[in-house]
Every structure is written in structure tokens, then in C-alpha cells.
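One chain, subunit A, appears in both complexes that follow, with subunit B as partner in the first and subunit C in the second.
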Partner chain A sequence: MELLILNGLANGLIVGGIYALVGVSLTLLYGVLRVVNFAHGEFVIAGSFFAFVLFSTLKIPPLLAVPLAAVAFFAAGWLLYYVLIPRLARSDDPELMSFLMFYGVSIAAAALMLLLFEADSRSIDFTFTPISVQIGPIYISTARLVALAITIVISIALALFLFRTLPGKALRAAIMNPEAIQIMGVDIVRLSAFAFALASSLAGVTGVLVALVFPAFNPFSGAEYTIIAFIVVVLGGLGNPVGALLAGVVFGLAEQMATVFLPQALAQIVGFVILVGTIFLRPSGLLGTRFRR
Partner chain B sequence: MTIKLPRRTLLAGAAGAIAVGSAQAQDAKPIRIGMTVSSTGAFALAAQSGLRGAEIWVDDVNARGGITVGGAKRKVELVKLDDRSDKTTVPKVYETLIKEEKVDLCFGPFGSTLTAAAVNATEAAEKFMVIWSASADSIYQQGYKYVVSATQQAGTLLGRPGVKAFAQLGAKKIAFAYLDEPFPAALTNGAIDEAKKLGIEVTMNEKFAKGTKDFNILIQKAKASGADVFMPTAYEGDQMTIARQLREMNVEFKAVYLVYASQPQFLAIGKDALYHFSQTLLHERINWKVTGGLDRAQMMERYAKLFPNAQYPADFQTALAYGAGAALEQIIVEAQSLEAAKLKAAALKLNNKIVTVTGPYEIDQTGKQFKSEFAVMQNMPSGPEAVFPPEIATAKAVYPAPPYKDRK
Partner chain C sequence: MASPSRAADSADRIYFTLVALIGGALLAYFAAVPVLGLNVAFHFYLMLWITMASAFNVASGFAGYMPFGYVAFYGVGAFTTAILVKKAAFPLFLALPLSGVAGLVLALLFAPTLRLSGIYFGIVSLALAGICRLAITNMPEEITGGSFGLQLGSRAQPLQSFYVMMAVMVLALATILWLSRSRLGKALRATRDDAEAADMMGVNVPLVRLYGWLISAFFPAVCGGVEAWYTNVVDTETAFNTLITAKTVIYAVAGGLGTVTGPIIGAVAMVWLDELIWRQFPLLNLLILGVATVILVLFLPRGIVGTVLRRKPHWRRYVP
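Let's turn to the complex of A and B:
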């Protein structure tokens, strides 16, 4: 049992790190733009396919695919912002319209990936050497450790960006009070485009890490990540990037430890129990209120 | 001498002639067979693989001029609609096939989940349904009158060859895990019964939900249970993840049985696939003497000709669907009708008289298939080899599988 618990804790941290990244990009979007990106999971899986294509056609390893995905998805996100978002801004209920529009985008994105990659599950036939590292009595895959390291670096970089740089502070200010920031002369459109591009970039990078940690993915895997993202966002507090990072880890640990003590089939329910429990008991999320004030 | 017929007789004769003529014209109409195919969703790959098998059969039948029913050769037309792998969509689509497309009979969709949802529509409309991939026993326990599983063996029988093979290899303990869906559940329950019958201890039996992404703890639980053999049953994606995570965690069993491990897309995962056991109906050494249609080699040849751009070669889903078509042809010829009741009676009458690419055929009143047993495969460095039953084995099973560090 000790071995199972240790495995649960180690995997919970790693998987939780991935969940944190999945959630943080969604919460950034919601926080700044009030956009409910229902296609977020598809963005993540597009990142996995990006790494797959780079590896299978150009033999570019997933580690190198991380910065490439960050740049490519940032550019794609910037472009997509100007195609999609300005129309939403003219709507009477932008949040609802964004939900509906991105639901359509999620279907279109999954269909496009289906067209390009067909329906079967894909896997990147790449492993690190050694494939796993023994830490005490447990083996942890090198890919997972690499993913954890990248997650930590990205989280620290994101925190520094949000709290120490002017654009980061502007983003936080936009989350807290979008009207006031415009009065201060900040170009909210450009800032929003940046937030959208940053969120897309994070989703792309997360997709590469997903391909490392959960080796099989297909064009329809996106919906599962969208659900995870929503759980993390609600748990962390709507629009709170730091809360999302914490919530991802909490959710990952809860899910993994549930598989240790409960039948595996019940583990998924844990996520929904957390979601419903948070809404009932602490609707502002783990850090929601504190961040906003 | 001329015979004068009364005017009324002449009119009746003319009307009769028109009726006969029109009946003959109707006979010459193609036999319309309705089928849903998943263009998207979890079942898309397998459904499309099966569709290619059905299309090979249609192409072959039509090249031979069609099926003789009531003295007239009738070609076959496959009417395909999309079910999006969605069990809530399937019944409506089959209703559309029956009511709007006016199909004469139906081919099942892929898998137990969709077939269980579709069969209510075909039964309500009294249409015959040929099942090619639904194995869940529960489907055949509902009292449906017009279903026949032509090639797909019942789910509770599917896992038995693997367990028999492990018993022969000396396995004493097996850990089971399965995706909580009809096919994996039926296979696992049957395999557990077989294991108990053969005196193998079942050390774990745990199910997991659809969408599970991480199997680390499940694998550790199986290892901790002291099993020699680990038999987790799910669809390709989950099994690819399990194979990778087994290697990453350096968790070694004497054998791991992953039902789809010899499928081309599974083999694409490279070293992670090595030495895993699986099952198939399609292998170059499995050559049944068929009673109608194409044999395995001919089917493969036709596949290459009709689908030169298919991403993967034909697999056992292709064989199952092709075989179901070949069996259906013999059932129609026997019944000389497209009426569901007559087709079902003919299907029962042909027990042990049909052999397709997937093997012999035997059903019971419920339509459940008892033959068409799978061969057990093992992924060797040279590729998948048949290791059980001994009559068709192409290689000796490697048991216990070598440690991961020695797998080249």
C-alpha cells in the first residue's frame, strides 16, 4: 500500500502540473476577455498533434517541440483573436455567445484534425533514455519528470510575468477592472489579443506535454481536457491564473489518490465532486476572492 | 381456327401480364442494405475498417452479377449513413435507413455499444440485421428475433483462447482490468470464468471509466496482486497508453494481454508493443476453406485493389465485416426472400454449413455466434506471430516475456 500511495503522490503532482497548465490558459482567457473557450481541449490536442507531426516528419524531438509550439500557437492565437473575438464584442451577451461560438470552433477543430490525422489514436514513438528513473522504491518515467520540470518553469515564468512585468500587471488589472484600465490609456484590444495569444501558446505547449505524459491521443481527446480545464478553473477561482495552478495540482493529487483508495472507475467522479462541491461551498474558488481584491 | 376470348378475360390477362412484368422488374432492383458507419468518434477507425470489408463483399457480389432471389439476379447496394460513434444517434439513423431509404435489410454498426442501440429500430420494423462486430452477450439476451451475428463470436467466449493459452504456458495468477463498456466487460467476464475453470487464480478484477488517461495506479495494483499475467481490456488508445506506462514504470509481468496489440496502429508505438499478447482473426496462416465468396488471400488482394490509399492494411474488423457479407449472401440464397423471419430461419438452417474468412459459423436462436474463434498472437521483434492454438501457430510463445531492459 505504501508503494501505491507514493506512486499516487508522485503521479498526482505530475498529472496535476499538466492539469494546472490546462486550466491556467483557460482562466487567463476568461479573466481578461470574459471568453468561455469551449474549444480549449482541442487547442491542447492540436499541440499534441503539432509535436507528433514534427517528430514523425522532421524527427524533431518533443523537447524541442515545446518552444516551437509556444511560438506557433502564439502566432495562431493572435491571428485567431482578430478573426473571432471582435464580432463577439458586439454581441449583447458576449459570454454566452463566446460559449456557443467556441463550441462550434471545438467541433470544427476536431473535424479538421480528423481530416488531417484520421480517427485512430496516435502516439509519438519517442522515449527518453533512460525511460524511467528510480526514486526510492518507485519508478517515474523520465518523460513525466521532464514534463513536471517544464510545468514548474512555465508556472514560475508565468507568475513572474504576471506580477513583475508591466504587460503582466496590465493583464491582471484587466482581469480585476477592465473599465478602469481603459481609462488609464491601456489599449485593451491589443492587450486582449496578447492574452488570447498567450493562452493559445500555453495550450499548445500543454499539448506537447500531454503527448509525453499520456501517450495516446486522437482528434476527439480534446473534450476530456476541456472538462478538466473547467474543473480546474472553477476550483482555482474564475479568472485567477495563480488559483488555477494550485487547483490543477490539488485536482491531480485528488484524482490519483482516489485511484489508490477507491476502484479506478470512481476516480473520475472525484473531479465532478470537486466541481460541484466548490460551486456549493466556495464559489469563488481556492484563491478567487483574494486575487480579485 | 381462332379462339375468341371474352373482353373481360383479355383485360384480366393484360393486367396479369403487366403485373408479372412489373414483378420481374421489381426483382431486378438491387437489394438495399442499410448500415451506419462512424465517421467521427471513438469507433471511427474500427467502423471504417469494417466498412471496407463490407464494400469488398458488395464489389465481389456485384462483379458476379448479384444474388439470385426468386430466379432473378439482384445486385447489392450498400446505403451508408453516419452515426458519429454516438449511441443516442444510432437508432434514429437506422429508422431513417428503414423508413426513408427503404432498405431491405441491415448491416449492424460497429461494436456492441452502437449495435445494442440500433437493434431496437430494426426489430420494431421487422428488418433482418446482420451483426459483424457486436459481441456483448447482453444483446442476444433481449429476445430479439431478427438478429444474427454472422462472424463475431459472443463476448464471453472472446477472452477464452487467451486464457487457455496462458494455462498451457503455465500461468497461475491473472489480474484483470477492463473499460466499463459492453465489449470489454463481456470479454473479461468470459475470460474470468475460463480462468476459474482452468484453475488459474484471479488476483484482481477492476473496471475503469471511459476517459481514464492515467493507468499508473491500476498497473501498480495489478502488480501488487502478484499476478503472472495482466489482462487489461479496452480500445486501442487506452491500450497504447497502458503499454507505454508499463514500460515507463518498469512493471513486468510474465505476460500482458492487450486485445488490440497486433493491430497495425498499435504496432506503430514501436518498442512498447513488443512481446504483448493479443488476438486476431486475420493472419496469413489462418486460411479457412470458405463456402462462398473470397478466401483470405483473395480478400486481401481485393482490399489492395479497392483501397490503395487506405492508411492501414486490412485488419480483423475488415475480415469480420467481409465474412458477415459472405455469410449473408448464403443466407439470402437459402431463404430466397428478404423477409426477416425467413432470413432468420435460413440462418439457423445453415448452422455449421457456412465457413467464411473468419472461420466456421454456428448460431443459436438468439443469433449469438459460437464459432469464429480468435487466434492468440504475440508481438515478436519480427512482427506479430500466431502462438495459439497450436494447429495454426507460427511461433512458440515467449513466456515469460523478457525484462524490458533486454527488449531490443
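Let's turn to the complex of A and C:
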């Protein structure tokens, strides 16, 4: 039993790191643009397929796929921003309409991946040597450890970027008060495009990590990650990147612990219950501070 | 003072003439479908989507909520009918209204979510639909049939269920037509636009919202029951498929939220388009549905009827 709990803790940290990245990118997007990206999970899975294609056609290992995905998804996000968002902003209720529009994007993206890769579950047939590492009494696969290391590096880099650099500070300022930042002379459209591109880029990288950590993925896995992203974002407080990082780890641990202590069927409900519970009991999220206006 | 009231009278006359014409044409057409040998399955689902989109319109267009887990009512309705008929040997015509009651009970359970607004409501609704699906999936197999679902046996009577679906659609449209002209409907719209102002004017905001929510929950639950009877089989994968929510929302928005005719026109146009695309490109169907949604939101956010009414605001008095 102790072994199971230790295993659960280790896996919770690893999975939680992934959830944290999924959540932080969605929360940045919501915070700056006030759009709800229902297709976020599909962006993530597109990243997994990106790594899959690179590996199966060009033999590019997943580690190298991480920077490639970052660049490719950044560019795609930048492009998608200018196609979708400016027109959306003109509707009566952009926030709610964004939910609906990205619902459409999510259906289209899943269908596109279905056409390209068919409904079969895929996995990347890449193994590290040694295949697993012993830490204390438990064994953890090297791929998972590598993924954890990458999530930690990305999280630190993101935190430094948000709190130490001027564009990062502009992003946080835009989350807090989008009107004031325009008075200060920031081009909000370019900043928003950057936020969208950054969020897409993070989602793509997360997808590569998903391919490393989880046994398989298919075109319909996206919906699960969208729900996870919502849970993390709400738990961390809408639009709060630090909260999302924390909430991701908390949720990862909670979920893995639930699989240890509860029957598998019930463990699935845990996430939904956390989501509904947070909104009713603590709508401002774990950290309790309102990051938004 | 005589002339404005006469103008209102004549506006009413045009309004009710339009209602009678559209309603009569709709009734005559659907009633004649089996007689004329048209595609019964296609028209069954057309009526189902008209009902779903119209009922969704009460929550979204009238009350201002976006329940992205709308499929919960449909799924619970489908399972209620299936379980009552199959396991408790209820007669079907008793089971169907009880499906509606199950929808009402579920709506009452979800009623606390009505104090949320905007995307919070949408996200919670989505999560609650997920909880409903998992709860039914995890019920004992003797009740819900587990992952195989429930077969209703040889109770299928396509023609009978077709006319029952038609009756449900007529009931739904009549209810919404009544609602749009009633005190309750006006109170709902006022609450949607400005809850505080409505409260000041003496509207019981939580109660009005609850009534709207119940109307909106009743019909999808009955639809689920009728569809279960029609197809003879119910399982959690299809009964709680998120595509059901997606289609309902898209059809309602395509026509235009907040009007009675909007969701009807939206459903007719989109179901017909869907059928056309599906026949031509079965593989591309889902992709085109997604792209169509994006285009709809970007270029026609008020829907077909909403856009027309914006161009011709004075038609608002005549169009149901």
C-alpha cells in the first residue's frame, strides 16, 4: 500500500506537471483575450501527432520535437489569431461567442486529425535507455522523468518571462487591466496575438510531452484535455498563471491518489467534482486572490 | 389614444396570421410525410432537432444561459424511458411523460447553478453532464445494461413514434409561442437584460429563471425518450454524446436566439445542409460542421432571423 501511495505521488507530480502546462496556457489565453478556448485539448493532441509524425517519418526523437513544436505552434497560433479573433470581437457578447466558436474549432480540429490519422490510438515507439530509473523503492520510466524535467524547465522559464521581462509584464498587466495598458502605449492587438501564439506554442509542447508520458492518444483525446484544462484553470483562478501552475500539480496529485484509493470509475468523477465544488465554494480559485479586474 | 391601439391590433393580426400560416404549413407538411412516402427517418430527426433547438432557446435566448451540458437532459430522458419500459414493464405512453419528469427533477437538482453566469455557468453545465454520464455508466448493469446499453426489444413502431415526436414538437412550439407573449416570457427577457432592474420592477428573479430552466429541461428529456423508443436502443456513448449539445446549440444559434421562428428555421436549414453534406461527403461531415460553426459565429452571430430583424427592426412586431 505504501508503495502504491509513493507511486501515486510520483505519478501525480509528473501528470500534474503536464496538467499545469495545459492549464497555464489556457489561463493566459483567457486572461489576456477573454476568449474561452474550447479547442485547447485538440491543440494539445495536435502537438502529440506532430511529435508522432516527426518520429515516424523523419526519425526525429521527441526531445528534439519539443523546440520544433514550440516554433511551429507559435506560428500557427499567430496566424489563427488574425483569422479568428478580430472579427469575433465585433459580436455582442465576445466571451460567450468565443466559447461557441472554439466549440466549432474543436469539432473541426478533431475531424481533421481523424481524417489524417484515423481513429486508432497511436503511441510513439521511442524508448530511452535505460527504460526506467529506480528512485528509492519505486521505478519510474525515464520518459516520464524527462517529461517532468521539461515541464519544470518550461514552468521556470515562463515564470521568469512573466515576472522579469517587459513583454511578460505587459501580458500580466493586460490580464489585470486591458484599458490601462493601452493608455500606457502598448499595442493590445499585437500583444493579444502574441498571447494567442504563446498559448498555442505551450499547448503544442505539452502535446509532445503527453506523447511521452501517456501510453496512447487518438484524435478524440482532445476533449479530455480540454476538460482537464478547465478544471485546472478554474481551480487556479480564471486568468491566474501562477494559480494554474499550482492547480495543475494539485489536480494531478488528487487524480492519481483517487486512482489509488477509489475504484477507477469513481476516480474519473473526482475532476468534475473538484470543478463544480471550486466554482461554488471558492470561485476565485486556490490562491483566493482575484487576478482579474 | 385610439390609433396606437388600433396599430397594435393590426400588428397582432399580422403576427397571429403569420403564426397560423407557419404553424399550419409545418403541421400539414410533417403530418403528410408518411402518407407521401417521404423519408420518415430524416423528418423524425428534423422534428427532434427543431424541438431541441427551440427548447434550448428558452434557456439561452430568453433566459441568457448557455448550458453546454444540455445533453444531460436528453441522456437522462432516454435512460428513464428505457429503464421504465424494459426493467419496470411500464407502458410506453406512461414512460415518456415520466422521462420529462426526470428532466424536471434533474433541472431542479441543477437549479443552484442558475446563480452563476456567463462562462462559469457553461463550464459547470459541461461538468455536470460529465458527472451524469459517469453516474449512469457506473450504475449496476442490471439497471442500465452497462456498456452494452439497453435494448427495448420489439417495441419499435416507426410510424407511431413519428407522430408522437410530432406531438412533442407541437407541444414545445406552442409552449414557446405562449412564453414569448406571456408575462413570464417578458420577465425572463427583462431578467436576462438586467437582473437588478427586473428585480426593482417586482420580478421574482430566481423564480422566473427557474421556470425558464424547467421548460428548457423538460423537452430534451422527452426527446431522449422518444428517440430511445424510435431507435430501440440506448447506451451512454450515444445518449450522452457531446455532439448532441453541439448540434442543438449550433442549430439554435444559426436561426437566431430569442425568437420563436429562429431555432425552427435554423434547424431546418442546418439539418437539411447536414444531410446534403453527409450524403456527398460522409467523411468530411464532422469537419464541415465544425467549420460551419466557426463561420456562423464570425459572420452571422445573430443567426438568420436575428440578422433579418436587425436590418428591418419594425418587423419585430410581426415576426413570432
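By definition in this document, the second predicted complex is superposed on the first by the 288 of 293 C-alpha atoms of A that agree within 3 Å, B and C clash if a C-alpha of one lies under 4 Å from a C-alpha of the other, contacts with A are read in each partner's own complex, and residues count from 1 in each chain.
Everything that follows uses one rule, which is that a contact is a pair of C-beta atoms (placed from the backbone, for glycine too) under 8 Å apart; a residue touches a chain by one contact, two chains touch by 3 or more.
All values derive from a computational prediction rather than experimental measurement.
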Task: Overlay done on subunit A, so just call it for subunit B and subunit C: clash or fit.
output: clash
Query: Now for A:Asp125: first (subunit B), second (subunit C), both, or neither, which partner does it touch?
result: first
- request: Determine, under the contact definition given at the top, whether A:Leu166 touches first (subunit B), second (subunit C), both, or neither.
  value: neither
Task: Answer with first, second, both or neither: which of subunit B and subunit C does A:Phe99 touch in the superposed model?
output: second
Task: Would you check which partner chain A:Leu275 touches, where first means subunit B only, second means subunit C only, and both and neither mean what they say?
output: second
- prompt: Of the two partner chains, subunit B (first) and subunit C (second), which one does A:Ala265 touch, if any: first, second, both, or neither?
  reply: both
Task: Mind working out whether A:Arg87 is in touch with subunit B, subunit C, both or neither, as first, second, both or neither?
output: second
Query: Between subunit B (first) and subunit C (second), which, if any, makes contact with A:Ser141: first, second, both or neither?
result: first
- prompt: Is A:Ala110 in contact with subunit B, with subunit C, with both, or with neither (first, second, both, neither)?
  reply: both
Message: Going by the contact rule set out at the top, does A:Asn7 touch subunit B (first), subunit C (second), both, or neither?
response: first
Clash-bearing segment of subunit B, relative to subunit C, as chosen among 24-32, 42-50 or 114-122: 114-122
Task: Enumerate the residues of subunit A that count as touching subunit B in its complex and touching subunit C in the other.
output: 110-111, 114, 265, 268
Field: Residues of subunit C defined as touching subunit A within the complex
entry: 66, 68, 112, 116, 118-120, 122-124, 126-128, 130-131, 134-135, 137-138, 242-243, 246, 249-250, 253, 283-287, 289-294, 296-299, 301-302
- prompt: Hey, which residues of subunit A end up touching subunit C in the complex?
  reply: 36, 84, 87-88, 91-92, 95-97, 99-101, 103-112, 114-115, 223, 227, 230-231, 234, 265-266, 268-269, 272-273, 275-276, 279-280, 283
Query: Quick one: in the complex, what on subunit A touches subunit B?
result: 3-4, 7-8, 11, 15, 110-111, 114, 118-123, 125, 127, 131-132, 134, 139-144, 214-221, 224, 256, 259-260, 263-265, 267-268
- line: Contacts from subunit B onto subunit A in the complex sit at residues 38-42, 44-45, 48, 177, 180, 206-209, 211-214, 216-218, 220-221, 224, 236-238, 240-241, 244-245, 247-251, 265, 268-272, 311-312, 404
